[in-house]
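In what comes next, chain A is part of two complexes: it sits with chain B in the first one and with chain C in the second one.
Up next is the complex of A and B:
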């Protein structure tokens, strides 16, 4: 009976795993068989790294390695977005968590409202705005646009984290001889580090994966972000699915690396209650 | 005002509060507190929850600013100074240890902020760790410690600073009963060793009695009484103080004072008081003895057996009453026990103020 139950449980788990992994395996095998798409069983018939190397080593007419440039552009935009989000959201969230001031509730509602609209809805006004300040087709402009959604999200995330830190901690630091700023820097910030890591990761990923706005605001190929690059392989005239799959795998590597690097904090962030002094 | 110490007229007190008031919105929490403590005294602020004792302590720490009045620590008027300029250390109810720092760094935190030389910090940390038995825990994080250990680290963090005033905000309330007694004795020992002025907040009257050099009973934002703990216990200034100190609490009976006697309902007994007319008699549990000819009759309802003593809860002349009997005397519910008062407190039935003999 016990054995049967265990077998049943494992069968369910295995089928769930298979369901989740199948598309991933399919993409991997597609990337490895650029000439002929794999069938129902995700296994390349004629394995080759051609698609991968063509995607990664693609050069323009002047011999510049385009994919490297574009990866650089993507990394720059994603890191800058995460940085700006944390830089602005941390003090804002702290103020919203700890202080009472006029317009506090109104500003919270306003921040929440910004999260309700899809970014695309604002694409045209954003285009006009960026055009007015000369940041169309400029990575700085893209960071600015991404920050408008990343910052409010980060504020909400971090406000929750600050709310979870007992006031006693800062007060203890202040009685111990710290100014409010020192108490914030030396005690509060290190305590919310897991939340900061998680928030930064989300901001990074959102910017790293965003397609529509990037495709709207960028037109120079050498500063395309990677989702735009990928989309170009599946054009109107021909669809290079093998290249698309190879590119998709390369694009997911940095995200996986970041997750791996931050996993300690991610777990810490999930069990944030454990930090209570 | 933030420029530094402001010298006022010295009177030798380590701590002096004059007419301190504090209001939060519509609620007045402190209604004019006057308080003084001599150098090296252990002052205990005690009172029921909501009496303002924690707010008062936070005003001393600089975490709240009074709306009115002055606070002086030593020679300095600190009323408007931020916490860091007051030279006080505080032990929080929640301990408030820095979760990301080891015990060692927790102890050193205040000293590091003051740019104390590393060698001095090391020396102090070692010294404090020795004093509190924390040597083996120095490299652990707060989350790896038990409640009692955290509590000791919190005290160590305060002691390492060598402040001119210690503040304790209900430091024992998160400990279990056995540990509470242990740490209470530890605090008393540390106070003897350090000889620094301490202000200690608690709602526990037993903790207050056992620790206090000077006991300050707060109720509804005012000081009901302050003085040496034993004096406050023996001569409570108000009916509230009488009922708050001592456990089980003092029993109260309405009485009529005549020439040399007190009459409670049908019972009359001798009393040497100059007071005449209606009054409230306060009797602590140990202020009565069992006497077959005693004037008071206790109808026993509930009996608590402690071993060394027995608490008989019941009714005297229609009013709730508790008597402490010898451990060998264990009446059953429903029994009647005759009692003779050996000491009575008299209070004004209107104001609740003590009637002096």
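Up next is the complex of A and C:
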């Protein structure tokens, strides 16, 4: 009985995995054999790494490996975005969870409202703004824009996490003589690590996959982010889908690695430990 | 923390631009054409000592980038683009006329499309037009006409001809040979009447007798011809680099439609190097060097390089004197074809004809509508897209109302601030403000202000940058369906209905699948947890602009995997994007696939923060698995999932990528959701930015109302719940 049940669980999960994997295999198959369409079973009959190596090993006239620099630029932007977004959002989310203050409800509504307005409308005003502060064509400008875009969601996500932590936890610490800031840093923050991890991952993805702002703001090839690089394989008349797909695979590897690494933060009863301690 | 910040600032600062003033050249070339341009530019640098910075811009962002960069002085000095966008660029003030000498070797007919009034705005680099590719193993003889192709003896399963039969660019060649035009010289829509009907009927007949495959995209044209499954293809010079080495083929200029008729006359595109304008007072003072570069690229030496390395059909006549070029069959054939082609009109309305034409052709070819009727809908779409903007209005009333509102607001604040209780409350709030101030400042400056500016555009109308104030006319137009049927085609209300259906179904499936998988993965004794988790977030990890295209490919009528599966099970292939139900399902499947990992991850995070001892205590009390879920898991999940659900709803409501990339609104714009409809008005239906902005504001208002309502319902139901009913 138990074995059957366990088999059933695995069967359900495996079918979900198949559903998740199928289109990805399609992309992989396209990357490995650009000249034949993937069939019902997406497996390349004559695999070659040409498209992949052309994308990854592209050099400019001086012999610099552009793709490597661009990967570096992308990683820098995405990690900085995650870092800055968390840095800005965490204290605000904590205050919104713990304090009562004038204008709290209004600011919550304003934060939610930012998510509802289609972002394309802001591209040209943002361009002028970044130009005015000299951050156009600069990765710093991109980080600033991405991080602030990610902040409202991060605040909501983290506020939910703070709400889930009993107030007794930091109140006990404060009775023991800790300041509010110490209680926050030493007691509260460690318990919301899973939420911080998910939120950071999310901010990372915002920056990692964005195309239109990056393409508009950046004008030097060596600091292009990867979505901009990939989009170049789709021209007006001719699209090099094999190259596009090969690049896409490379682009998704860091996200997978990051997720795998963050898993240990996602599992394990951290909150329980905090309560017991 | 401070050290980390300083390090970050240092790293960011090191990416600062430092180089001084080379000539900036932007292009959207790839492959051999890019290599050729590079080589020509290096040659120019060697000869003149000037320095040139090349930038390859993604075609998808080319216009947006030029439009925002050139007026701020950060744009290129020279950029390469097709002549048909000339009027758009001139109207936007992005170009500067060429004042210096023009090389004699450039023929006048390739210069004419680059003139506007008395001014010449660019020099022609290469000519592009369609021709007929023949597979010489299957068709050793040149066919006399396209109909002759249909009669050719070919192996079973081989299409005689593959062409993009729904694309106005290629269809125009047939239309021209029958005496029609897509756009008349006066800028009127031309794809109706006798010539257009004959064109559509001919295409419908050839699709139904399997001479031409149906629903052919550029990709299908390439695949079928490259694999030898099509004996001939209509395409431009851009097809050649994608043909495999073993294939035997040649090109000929397009033949007539029927034996003895007029030869087809394809559109001619003149790719040119344009000199970009420079903002007043911020001139770079390099006009001469810029023109020298343009002259070199278009002139004989530059042309030789571009033709030999990049396989371009160069405009320069002297370059063809080179024996290598003069005897190159591919190049000379395309040159001959170009000499018979018709330059595409530069009228800004030209680009706006393609979508209505495509829509009309799809009605004929996919739904079997009678040509006359289907072509009339194209004409109606075009009239709607190009309708004159609302009349200009006096902005005074609005400014007055706005000013009064502001005064009232300030007065109210002052009144409240006098209340000692409020003062005390504010004083008590100060510690909290220290925690939130930086976040709100950042969000206000970088998110809210740009969005407000975007929203303000909704009070203006006009095309491109030529805007005038019209008050609330855009809103009135949208809400009254522009005077048409409120439940008719393209009406705001219909699109809203589709959007709501889209959001609800997506959310239910995201939540259902995401939570169920998270619960299964959270079982303590499950093996392979790690690998499962990673495999299941794959859809989230691979960029959605790629996977959305993969899904579109999977739903393709002939090449798609979904139809392959259906056929292997004995069913008939489905034309997924021909009906609302199936097209909507295709979008839904894609977005469910993209979205469930997010809900799963959020649920996993929430589950992991539920203390184990709660379950242990419940197990001691003898609670069943279901009771534990009902009494512990569910109540504790709801608060952590609530923000994700609200956000998920908002994002799904505005999920542009999937709708745009998978169904593209097919059939006939019926699967469009509000945000993609707004995008269409802004970018494919002739740059009605004000109208699109009004759509965006309406989207915002709907979502704001909806979230208000959910919060209200949420607090009411909480209040009603009896104390102590949970846990």
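The rule we apply is simple: the second predicted complex is superposed on the first by the 237 of 277 C-alpha atoms of A that agree within 3 Å, B and C clash if a C-alpha of one lies under 4 Å from a C-alpha of the other, contacts with A are read in each partner's own complex, and residues count from 1 in each chain.
One rule holds in what follows: contacts are C-beta pairs under 8 Å (C-beta built on N, C-alpha and C of every residue); 3 or more make two chains touch, one makes a residue touch a chain.
These numbers were taken from a predicted model, which means no experiment stands behind them.
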Superposition on chain A - do chain B and chain C clash or fit: fit
First (chain B), second (chain C), both or neither touched by A:200: neither
Touching partner for A:82 - first (chain B), second (chain C), both, neither: neither
First (chain B), second (chain C), both or neither touched by A:171: first
Contacts of A:232 with chain B and chain C, given as first, second, both or neither: second
Partner chain(s) touched by A:190 [first = chain B, second = chain C, both, neither]: first
Larger contact residue set on chain A - chain B or chain C: C
Contacts of A:211 with chain B and chain C, given as first, second, both or neither: second
Partner chain(s) touched by A:179 [first = chain B, second = chain C, both, neither]: first
Shortest CA-CA distance between chain B and chain C [superposed frame, angstrom]: 5
Intersection of the chain A residues that touch chain B with those that touch chain C: 275
Chain A residues touching chain B - in the complex, by the definition given at the top: 166, 168-169, 171-179, 182, 186-187, 190-191, 193, 274-277
Partner chain A, residues of chain B touching it in the complex: 61-63, 82-84, 86, 88-90, 92-100, 109-110, 113-114, 142-143, 150, 157, 161, 167
